[in-house]
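Here chain A shows up in two complexes: once beside chain B, once beside chain C.
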Partner chain A sequence: MNFLIEAFQFIFDPANWGGSGGIGVRLVEHLWVSLLVVVIAAAIAIPVGFLIGHTGTGKSIAVIGSGGVRALPTLGLVTVIALSVGIGLTAPIIALVVLAIPSILAGAYSGFEAIDRRTIDAARAVGRTEWQIVTAVELPLGLPLLMGGLRSASLQVISTATLAAYVGGGGLGGFLFTGLRTNDYPQMLAGSILVIALALLSEGFFAILERVTVPAGVRAGLPTSVRARPSRSRATAA
Partner chain B sequence: MFTAHKGRLAIGAVAVGAVLALSGCSSSNPVDPGTSSGGGSETTLVVGSQAYYSNEIVAEIYSQALEAGGYTVDRQFQIGQREIYLPEIESGAIDVFPEYIGSLLQALDSTATGGTEDEVYTALQAAVPDGVSVLTPSAASDQNSWTVTKAFAEKYNLTDIASLANVTEPINVGGNSELETRPYGPSTLKSKYGITTAGFTAVEDSGGPLTVKALVDGDIQLANIYTADPNIASNDLVALTDPDGLFLPDNIAAVVSAKVDSGAQEILNNVDAALTQEDFVGLNAESVNDQKSSAVIATEWLKANNFD
Partner chain C sequence: MIEFRSVTKKFPDGTVAVRDFDLVIPSRKTTVFVGSSGSGKTTLLRMINRMVDPTSGSISIDGEDTSTLEPVALRRRIGYVMQNSGLLPHFKVIENVATVPILNGVPRRRAHQEALTLLDTVGLDRSLADRYPSQLSGGQQQRVGVARGLAADPNILLMDEPFGAVDPIVRAELQVELIRLQRDLDKTVVFVTHDIDEAFLLGDQVVILETGGLIAQVGSPSEIMAAPTNEFVANFIGAERGKRALSIRSTGSGDILVDSSGRAAGILVAPTAPDAE
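Moving on, here comes the complex of A and B:
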């Protein structure tokens, strides 16, 4: 309990906020790395996921591939990449993009897959082109699952971006490494609390984003609202 | 119904996870005293090592030398930090541990300042807890250093740490993040020698390959690398000499519990007496460059030095 109080004292001590290794700078570094990684990973995974979801081919490769990638230990990957490209942000960004892709990819293609095939067939029957089907039918209907993928990828990236500090990439991980080596556990805990705070902020951000971006018609049709209703009318059974 | 089932599944998953995590804790304790309370007619000596390959090589040499001397050895290698294993030596759960005299002294007495090898060893003998003793230090040492590339050293005619004042370009310092606040860190370079450093880049592998690469790439100009690191020779690096004793001498010495009798102490002292600095860097190189296991490296060294 004492550690927790000391950790909050560390966070709220203005002396710890300034300077190149201060909380302010590291918080910004951490957010910047995370944002960059999610944007890059999304730019790669969303088009590929949509292609897989729309055409229905290559899914098994994506499942096996992303399953394998998920098993890669990120610290090892960061170190191996840093040994060839040098210290700095490049290595953690590449390793974190690899970490983030599977969740986003899964969200993108499973969003398309979950759509009732009859809806897509109907769109095709009324003369929509393939491109129109993707943009006007599959994209909005698949958006909730894609958002879920982005949300979990962001969470993973924010928590794992602590490893950037291992190779001179900055970020909140610095507090963890310094705290561990100097037995300054309140500092370690303070670093962890800040990472948790960022993760919660990201969760909140995506919760709002989901509300804003998912069309009202799609939300009305989500399984959660279906479950709330009785599936069969009692009157007809009697 | 469906959601309730899912809820139960989730609780089950959490429970299984918790059980796995807890059992992981109980079985992986590397300093479990239960394994060392053998006693009986023949003494089992528990030899420990840090989670540092070079330290493990020395621990393995100690182990094999003790085994050759008729002792039974229980190896508990790769134990993390000094704060964890020191109490275990005190309590008798670990009997033999390769240590570095300067770093150990600083860990036991944070007010300890620099000094010669003899001064540090004398201070250390007074500082260790009752029931623990430090045997005679070896000539081999593995201490902190300020290291630069050979090209950088030649450009500015660098030999010792004070000569860093010759450097006219910005010096970016790299190393573990705690280096920034260590008594030999950048602030001391400034106050003691008037050397201004431009910035600090934290690379957290304790002077390992990433730090070496950053130095060679020119991302940093000054790094903290251990003097017994074979990378210094293989990457054309120069460890600046330290005539003023900025760094504590970190000669290797065996830290032993009361269970280690005079016969075993003699074996360990003989090993440390035979281990030269050149040998020691060579042993590390066999691990780093040739990827040999510590057991093989130890056997070969003991054979070459007639301990078998």
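Moving on, here comes the complex of A and C:
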């Protein structure tokens, strides 16, 4: 309990916010690395996932590949890559991109897969090109699940980005590694709390995105729709 | 005119859905493919707009071999209506109806204007234009599907069990409307159903199919009813069970028609001109 109070004292002490190793800089570093990683991973995984979802082929390769990648210990990966590319941000960024790809990939293709085959068949039968099917039908209807994939990828990346500090890449992990070396548990705890806070912010952000990307017509069909409400109120009145 | 010439469709898994099929579908008439599930009706229909390509044989529209036509362009000039309406759930009714004209490059405003007129045509209130499909009843969704099929003013309208999923009362309503529409619009309609009564009601030409797209009989409803070519057809149209063999019976309150098992099937009235309302 004492550690926890001291940890919060560490966080709220203005003296700890300034400077190159301060909370402010490290927060920004951490966020920046996480954002960069998710953007790079998305740029790779989304087109591939859409292709898999649209054509329905290559899914088994993606599943096996993702399983393999998920089994890799990220710390080991960071170390191995750092040995060849050197100390700095490159190694953790590559390792985190590898970590983030499976979730985004799965979100992208499962969003397409979840669409009623008859809807897509009809879109083709009235004369849409394959590209128009992707952009006008599959993309808008698959967006919420893609957001779900981005959500879990971001969560993983934010929590694992603490490893960047291990190879001199900065970020909130610095408090953990410094604390560990100097037996400064409040500082370690403070670092963890800040990482958790970022993770929660990211969760909240994507939870909102997952909701707002559900197309209006689909939301209208859900049990909470305008049409379903009267029958429910009637049921409660009875 | 749509012509099938020795058309065979074998799917990759080895299923031969249609074997050596020949048929001429006359323009501006309704041709109905009727047969039990799996007889190849949908496959035949979808070969017309190249949603399915034949393994061998050819299909031509007004003398033009469809295999030489670009599938996307072909589909945009053929209306297609399917059982589950096939509407996009995230498009409003008006946007669904205006889909094909917009794909064809008609300006959005004009396409929407014309789509409103089409809602009138299929008997839907214009106030539904801004609803989403999930906010409509099954029957209303089917009407929207028909409106979308008509939107590009195609010469050919393909309908795959369009009224199969609505309740009998709504189905009867939709059937009557389709007959009215066909009289006004004069399209070449190719209609698929497994319901022989629906086939006889709507079809100028009825094609009775057996498994493998085998034609059991082709003819007008009256030709088929009067002279089923074989036992399969007789069975299929219900002649065997005496459902269509009606006779007059006098009752205290007047003459009625009864089927072979004695159930009342209708009354006898003086013939009316087909166009009289």
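In this section, the second predicted complex is superposed on the first by the 214 of 238 C-alpha atoms of A that agree within 3 Å, B and C clash if a C-alpha of one lies under 4 Å from a C-alpha of the other, contacts with A are read in each partner's own complex, and residues count from 1 in each chain.
Operating definition for what follows: a contact is a pair of C-beta atoms (placed from the backbone, for glycine too) under 8 Å apart; a residue touches a chain by one contact, two chains touch by 3 or more.
It should be emphasised that the depicted structure is a prediction, and the values quoted were computed from it without experimental measurement.
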item	value
Combined model on chain A: chain C and chain B, fit or clash	fit
Partner chain(s) touched by A:87 [first = chain B, second = chain C, both, neither]	first
Chain touching more of chain A, residue-wise (chain B, chain C)	C
First (chain B), second (chain C), both or neither touched by A:117	neither
After the two structures are overlaid on chain A, angle v-u-w for chain B, chain A, chain C in degrees (C-alpha centres, nearest 10)	150
First (chain B), second (chain C), both or neither touched by A:177	first
Which superposed partner A:216 touches (first chain B, second chain C, both, neither)	second
Contacts of A:141 with chain B and chain C, given as first, second, both or neither	second
Where chain B and chain C come nearest after superposition, their Cα distance in Å	24
Set of chain A residues, in rising order, touched by both chain B and chain C	227
For the chain A and chain B complex, residues of the former touching the latter	20-21, 79, 82-83, 86-88, 165-168, 170, 174, 177-178, 181-183, 227
Interfacial residue positions of chain B with respect to chain A in the complex	2-3, 81, 83, 174, 176-178, 180-181, 199-205, 209-210, 213-214, 217, 219-220
Residues of chain A defined as touching chain C within the complex	118-119, 121-129, 132, 136-137, 140-141, 215-218, 220-221, 225-227
Partner chain A, residues of chain C touching it in the complex	46, 49, 51, 72-76, 80, 82, 84, 86-92, 99-100, 103, 132-135, 148
